[in-house]
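So that we are looking at the same thing, I have put the structure below in structure tokens.
We call the chains A, B, C and D, going by the order they appear; numbering starts again at 1 in every chain.
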Amino acid sequence: MIEFCGLQLQHPIVNGSGTFDAIAARRAFGDALLADFPFSAFVSKTITLQPRAGNPPPRLWEAQAGMINSIGLPNRGLEGYLEYDLPQLAQLPVPLITNVMGSSEDEVARLVEAIDERDEVAAIELNVSCPNVRTGLDIGADPRSLAALVRAVRPLARKPLIVKLTPNTADVAAVAAAAEGEGADAVSLINTLRATALAPSAKRPWLGGGTGGLSGAAIRNVALSQVAAVAGRISLPIIGMGGIASGTHAVDLISVGAALVAVGTENFRDPCAGSRIASELKSLQIRH
Amino acid sequence: MIEFCGLQLQHPIVNGSGTFDAIAARRAFGDALLADFPFSAFVSKTITLQPRAGNPPPRLWEAQAGMINSIGLPNRGLEGYLEYDLPQLAQLPVPLITNVMGSSEDEVARLVEAIDERDEVAAIELNVSCPNVRTGLDIGADPRSLAALVRAVRPLARKPLIVKLTPNTADVAAVAAAAEGEGADAVSLINTLRATALAPSAKRPWLGGGTGGLSGAAIRNVALSQVAAVAGRISLPIIGMGGIASGTHAVDLISVGAALVAVGTENFRDPCAGSRIASELKSLQIRH
Amino acid sequence: MRTLAPLGRRRVLVSRGDDVGAYRVLQVADPQGPPLPAAGQFYMLATVARWGGGDDERPYLPRAFSFLSARRGKLSFMFEDVGPGTRRLAELDAGEELWLTGPLGAGFRTPHDGRRALLAGGGVGVPPLAALATVLSSHGTRPTAVLGFRDEHHAAGAVLLEDADATVATDDGSVGHHGLVTELLAAELARDAHAVVYSCGPPGMLEAVRALCAEHDVPAQLALEAGMACGFGACYGCVVPLREGGYVRVCVDGPVIDAARLDGVPAH
Amino acid sequence: MRTLAPLGRRRVLVSRGDDVGAYRVLQVADPQGPPLPAAGQFYMLATVARWGGGDDERPYLPRAFSFLSARRGKLSFMFEDVGPGTRRLAELDAGEELWLTGPLGAGFRTPHDGRRALLAGGGVGVPPLAALATVLSSHGTRPTAVLGFRDEHHAAGAVLLEDADATVATDDGSVGHHGLVTELLAAELARDAHAVVYSCGPPGMLEAVRALCAEHDVPAQLALEAGMACGFGACYGCVVPLREGGYVRVCVDGPVIDAARLDGVPAH
């Protein structure tokens, strides 16, 4: 058992938000999924206040040792989540972390308040890779605007508050320090790197959403660098992620300062990547 | 012939700074290099005011579809460059672009002034991926500090001034706009992405320099995204680079707004990558 | 129709590989899989060795393939080399290993209210139709099929539809009807429109089938394709727009979708 | 000694592949290369097909290999599977294709002032010594060599040093002298120290050879290894620190470096 923000977890491997849909997976694999759940905590897809259909297809591009997605955060919206998704997610055998995003302080506040009320939820993750409507930059790109956001919503949550940082910034450690300064309980990183793909012959963007985010093996060493930089600056626990596909990769991230390791794109290649990596990690840790 | 900042070039393919040493390549391949020079202009390695030995080895890590380098800008320093390198580089059959970097405005100014005097040099490229001693961030990460730097050195150069942007920033287009606003003649991007590698068994940094920069195929779609963002914001010509390994990749970068395309890591895999890509590009352009 | 998949991917052995015209047919031993996947379901495949390093350093993600047949613990798949993933798979021979996840998605629903099954498809759309024909034949009615191919070399793939009476059309007229598969389908519908059409094929063909069926007011079930990363609903990458608005994921809500739910079949 | 390389990489055909103990020996046809690369020079190799997609999606960069022999337009190389690049190369057989650049770097300088050549090395350090032995033998003096290997299976590689009189040591004593190659070298130097030592092997061995020669004041030329990206001076990645301060690039200033220029041989 390991402890993370007061949660008791079986092992340090969780999923990255938006890279595993436990409800859909149960439709495909049945209740075997519950008996052998790959992660020690489940992180939901990002939930927004209003329902979102997501971006027009195509939404995927296979890149060099990675992929680019432009999914566009489809979700049922807060109400739909509470009504349809939450009861099903509550059946999972692990603690539930709900990831939320809003395009204004007020939206985030309403999300955090509503989620914080629900006993089924163990912790809240705040996705700040959302463009600031004024600057066009991610809210999480700038330490000051992030600090303001965390300051505004922190008092609204009794549950642990995890801030999921954006990697598309000059100084991720400064942003992490801002989150720490305003009372966040943990940070998670890295989210996808901004990337574009062009349609093979027509030279226009391939992705229906225009640009997208790069994930998978290609970003592993960038993640290692950003997690190390953040760990060198703050003392909050860190959920590290980015291209993790094996126990060795998890050991690497832990050795630079991650408390938990999240698996994202590798879930698509191996639906049980979480349990596999947890057991590879365990045998590596025993050996040392 | 194509025109770039007043230079007449045979084709749009140049090299990325620090990824081709024409003097060393001539030792290996002899004068055949001059007869069949792979690039339409030659960009020098970054030159600093004082000589630098570079970082302790190991300096290289092979990553997923890419590599991480921590070379540390070894060079003979300004005087050594002018005395030893320049006469040899002047023998190349193409225009010479000299890349410089300084850790203060004053250093950069001295470099630009001295290089600008030399007839052998056709243009100056300013590498701003150098950490600001005060903030630790790249000077080029922040639009305001970059604007100040360009403002200070622009009047010192009669030759075209190209600003090589850093990709490790929240808003590369804003930085490019700052360069444009202060009179730069062109911008080039992307430089390497900050990345770390750990030694296979010992969990300490592999690279002698600690962290390094990711280049090659893995960053190609990040480059496409940043070049597109910059092209959407400024009207200066752009030298695009990052993971270019084929004529198709070059067409992609040109289609999102690059005027020239630089080849970096691919030179290591194919010493004549420049000419190969130029001819692949030509046949693709003829076909369309 | 949905048969549950065992949890996770499993390592399976290729038991044979054959070239059939322009196509490669792989047979794999899947002793741990369910004996009866539903016709129209699919599996995610990747090779165990060297998945990656092809064109532009791809493939990285697994690839989706409908099964062609499932008999006595053996699955077969059919595909054409169209990119780095199918190229790597096409190299495989007996004894090599695959990662396999599935069966995934929802397959075809068999006809009710006395309608006859009309199978219409072509190219690498043959597998789900072949699997469906096997089910229908085992229920006592060998279905009629119309299949379109580019040319004779591709039309050789028609033999894989063992359990149907198939008529073939080719684009170049090198074998069978010179023209489109929808022309054959229109003739069948003219003969007897109390039918349900099952279709799988390239997007253009599927769209033509959808439009034709809509015109004749004949229900159709379309086995769609979409770029996929995961195949089990995790990535939300594989969506198609619905007539009613919004999107559904082809991998969990399809790949078989009622034509009536779509305004059109997207080009990719 | 430096033979110029033709500009750029060229596509060459593997003409045979053999296993020799723990090693793989590849012969490639290089009709466009110079007939006489200098002993100790190296080539950058990568396969044309599927370079990538191995462990952790590697290899991506080409790999450096000293040539073992160069005769009548055929080059041979010897290596052991130690990672994704050598693993992929070890799979190759006659008829497959390589990208090849070279010969690169500076090779050994032959002895002057009457010193005898003493070759000391082991493991995959055999190739440059074998190439040097061929040159020396053709000049009329078959050199003496001492070679160290892990065990008998590896020591089989000693036969590749055709043109020298070699004594072998193994770590486990399974064949030859039970102990270190430097023990054999010390004995040779004790017998006659008017020699120049040529050495190539794992860093620990090279360092021991360097230290021994320094102690006996015997000149030594060491063929170094270093992680390389390009092999022709482009990346500045392959440096070793010099005694005088600063670094040199192993690929253009080496791989053969006078031991006197080094304070020690770096571990990687």
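Basically, a residue touches a chain if its C-beta (ideal position, glycine included) is under 8 Å from a C-beta of that chain, and two chains touch if they have at least 3 such contacts.
None of these values were measured; they are calculated from a predicted model.
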Chain separated most widely from chain B, comparing mean CA positions: C
Separation of mean Cα positions, chain C and chain A [Å, integer]: 34
Between chain C and chain D, centroid-to-centroid distance (C-alpha), Å: 54
Distance from the mean Cα position of chain C to that of chain B, given in whole angstrom: 48
Chain A, residues touching no fewer than two other chains: 63-66, 217
Where chain D touches two or more other chains at once, by residue number: 52, 56-57, 60
Contact graph of the chains (line, ring, star, complete, other): complete
Complex contacts: residues of chain D adjacent to chain C: 50-54, 57, 60
Of all residues in chain A, those that touch chain C in their complex: 18-21, 23-25, 27-30, 32-33, 36, 45, 53-54, 56-60, 62-67, 69, 71, 74, 216-217, 265, 267-272
Parts of chain B lying in touch with chain C, wherever the complex brings them together: 65, 217
Footprint of chain A on chain C - complex, ascending: 2, 4-9, 46, 52, 56-62, 99, 101, 104-105, 226-230, 232-241, 245-247, 249, 252, 266, 268
Footprint of chain B on chain C - complex, ascending: 56-57
